[in-house]
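The next part holds the structures, each set out as structure tokens.
Common to both upcoming complexes is chain A, partnered first by chain B, then by chain C.
The block that comes next holds the complex of A and B.
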């Protein structure tokens, strides 16, 4: 009954309740966004790493994939050594290089080329056509669009430009074997994939790759497999998805820390807002509370009513904040995905149920607890003075 | 960008080619001028080569490189070319022009002379390399708008409560003939005062937080870069926004009440 009276007070003061709900909803949305941002890109990147089943990466010592121009020499022997490790299901070699598309004797923008083993690749998903065979390439969708390419068309590619002669050097004609969705590409990136051996020859990097992607056999612990591969090779860094995510986390420390700061601020704003509303609400109902005390209602019940009032406000505000937060995160994600070089498929904001629920629970709990202070003050105030004040 | 493996080899400086070592790397490897180090280019198939530390340098505070935060070493160009097996090859040239030279014509001339090269002026290079920070800036603006919305609602809520508390005072004022506009002005003034005081406190809090953020990142990245700065323009903007919010919140709260006939202002 007492609790219901307290809740009715919220309905009676409709305007301020709606405003308070609005403020809490925005704060909850911001807190949710920061929770999603804190681990979003890392976990999204983790999912991308595992795409196509290749969960481990082997790179030149001390570097992350495509972090530098360093390559892995003796690639064939290294690949064989990795394949021999217990728990390795497949090894996909990748060589990254820059090529130039040549059209009508002139050279366009550089194109990112990946040398792959078409039978063991994890870079793209075919949209049409087939994997590249000798003298064939698979083009990314933006590349096909930019050069008006279809399966069966030809494209001229050069690895080097002759600065003195003013012409591309060693131009090679390739047939387009397929159009594909390159899963690690940033939006609009023009790229091609061709046979590894062909790219090695074109770029004069014999028996060299940029990295190996490794698929583990089902049930094998990725971290122990990474340790075994490290032991079987020399001068290489081996990352399990977890380690790769940790390395990414280190790189993206700025966003993690920013989200912590902004999340704390959102929590503080919500606490202040609920605290102010409940405190002023209690102050306004001093007479009501005094009357309840005078007729013998237990202090604990009055305190409970005030706590429930704060809880109801923050719970309702958080419930509104949830869809609002998801909507805002979509907008913020669109802004951050315009970062140069960020794969189109990752997301900075990922809704993970547990952290999101924890954040909103914390906000609701604080909203409930914040009422204890004004409630205690109202319950400690001299009854006579309170009643006289109300009568005045 | 090349990746090199640097290791401390001995403490004697021989007739080795010299390198400059970044201060953080020197501290990590306990190197000082005169020491010898072995350097190996990863993945190039070459063997390690010995260099003498000619000097220790402090890397410039470059925000573009802060997230990778890698150690840096400077070589004489021929030494690095030899290590990488790429003779007579560079990534880029920095060009200083004679006073009065037209940068655009020089750029066009160089591009026509050296096929495949691209020439950027300092401003356009800065613009291209700062695209990451443009995105971060847009993100911060968006967060700022959300925060502004939350604080605006907070202020409006506060003003509604404060005005509601004084319903009987306002009823009396209205009944004795004080005009609606006077009451609205009084409430707006009060809201502006609250917003202004809040903004000033917020500026101090912001300055304190900026100091904390900079101190934290300076230690985290071992850099002299400043991540957060409070400028006079920002202070002015914060005050202007605060006062504007105050006017808006005060006006809305007051108008809500002065529209009610004074006889009904006493009702709960």
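The block that comes next holds the complex of A and C.
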């Protein structure tokens, strides 16, 4: 019943309570966003890396996947060496290159091309059609849309532009074997995938790949497998998903710093807000608190009532802040993902239940704790003086 | 005259065991409910200059079943004496025994427990909690004393019936008149069947007619055996009280038993 008095006091001061709830909800939403941002990109990147079951990457020494123009030479032998390592289930070679698409009056639109092994690939998910065979390509959905392509149509691709003539050189005609969702592409990216050997010839990079994606046999520890592949190859970097995420995390340290600073500010704002509201409420109810003490209600019970007030405010504010935060993160994600070069399937804000729950719990706990100070002040004040003050 | 409950509202032997304080009363005269010996109270703080002496060596005894009215001009120390005797304030020096318990030897929690379970309070400005209904205001001390919900609800109806406000059980204080609020405050004071009720200007905020009704209620309580200590400016209270103590400048100038 003593707790009921506090909750009803919040309802009695409806306007103030609603304003406070609004402020706490915004703070909670910001805190949630910062928690989601702190590890979101890394975690999302990790999920993307594991897509299609290829959890390891083998790249030129000292680089991350598609980090530079560097390539792995002697690719066939290297692939064979990797396949021979115990625990390797499949190896998917990838060669990245820029081609030029010729259509209508266009002299050559840049298109990102990936040379793959159609039987072992992890770059795309077919939407229609089939994997590419000789003289065939799979086009990304934005590519098909831009060039009005359907399965069975033809497209002209060139590896080089003749600067003097302003026209593509050595144009080759390819049949569209399929339209696909390229999982590492950024929004609207035009790309194609074709047989590795064909792209090697077109780009004059014989027996070269940009990276190998490696799938591990189920039950095999990825880090141990990465170590074994490193031992079996030379001058290559081998990353498990965990290592890739760690590398990503290191590169995105500023995201964590930003989210830590903004999250701390959100917590501080919520603390000040709840502290102010509860302190004002306690001051206004000094007479009621004096009455409770006078009729014999224990100090601990009065303190509980005041602490519950702060707790209720922050809990309700956090409950409102949760959907608000999710909505804001969706909007922010859309804005950030429109930056060029960021894979469409990556998310900057990832809702991870434990950190999110911890953040909102921390906010609620702080909201409850800030009530202790005004409560202690009200309980330390001389009771007789409080009653006299109320009577005056 | 408000409706009367069946049986006595105050039952000295009827304090629920769960509500009784876990204290060890010192051996005392069971017929003596309140005792103050050589009570001094000084206030120090901002605006008091060198300090204010509110009580100057007050000696007072109140026997079980008495109705003692403390009268005197404003600022003479009446309310301070009431607060000190009730255990709300501690004296600067002197001894206060309430129901046999030396207040100085009890912790704050023990004094609170004693007030909750064996003492009732009626304030000039009623001091009802505005967010609770009349029924809930009466129920609160019982809930804090640990009575079951069923016991509480029965007792709330009994007490509100006693003060003539059973039909107002669900009304908030703001929906009640001053007289009705004071009746609810009296019902709250009686919630845990107190042996002593302290009332500070119980009619101070009420018109004469309404005040007379409140005094009727207090008279009924006293007639049933509840010890009453009342601070008042109201001459009518002094007429009804079994004993009047007049104070001036922190001292008792017309002691117990003297004719008014």
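Operating definition for what follows: the second predicted complex is superposed on the first by the 387 of 392 C-alpha atoms of A that agree within 3 Å, B and C clash if a C-alpha of one lies under 4 Å from a C-alpha of the other, contacts with A are read in each partner's own complex, and residues count from 1 in each chain.
Here, a contact is a pair of C-beta atoms (placed from the backbone, for glycine too) under 8 Å apart; a residue touches a chain by one contact, two chains touch by 3 or more.
The shown structure was predicted, so the numbers you read here are calculated from the model rather than taken from an experiment.
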item: Side-by-side fit of chain B and chain C on chain A, or clash; value: fit
item: First (chain B), second (chain C), both or neither touched by A:15; value: first
item: Touching partner for A:107 - first (chain B), second (chain C), both, neither; value: first
item: Chain B versus chain C as contact partner of A:265, first or second or both or neither; value: first
item: Apex chain A: angle to the C-alpha centres of chain B and chain C, given in degrees as a multiple of 10; value: 90
item: Partner chain(s) touched by A:299 [first = chain B, second = chain C, both, neither]; value: second
item: Which of chain B and chain C A:384 touches, first, second, both or neither; value: second
item: Which superposed partner A:287 touches (first chain B, second chain C, both, neither); value: second
item: After fitting on chain A: smallest Cα gap, chain B-chain C, Å; value: 8
item: Touching both chain C and chain B, counted on chain A across the two superposed complexes; value: 12
item: List of chain A residues in touch with chain B within their complex; value: 12-13, 15-16, 19-20, 22-23, 26-27, 29-30, 33, 60-63, 67-74, 100, 107, 161-167, 208, 235, 251-254, 257, 261-262, 265-266, 269, 272-273, 276-277, 280, 284, 328, 331-332, 335-336, 338-340
item: Touching residues (chain side chain B, partner chain A) in the complex; value: 1-3, 5, 41-45, 67-68, 114-117, 131-132, 135, 138-139, 142-143, 146-147, 149-151, 153-154, 156-158, 160-161, 164-165, 209, 213, 216, 220, 256, 268
item: Chain A-touching residues of chain C, taken from the complex the two chains share; value: 43, 79-80, 83-84, 86, 88-89, 108-109, 112-117, 119, 121, 123-125, 127, 129-132, 136, 139-141, 143-144, 188-189, 200
item: Complex interface listing, chain A residues touching chain C; value: 1-2, 4-5, 8-9, 11-12, 287-288, 290-299, 301, 382-385, 387-388, 390-391
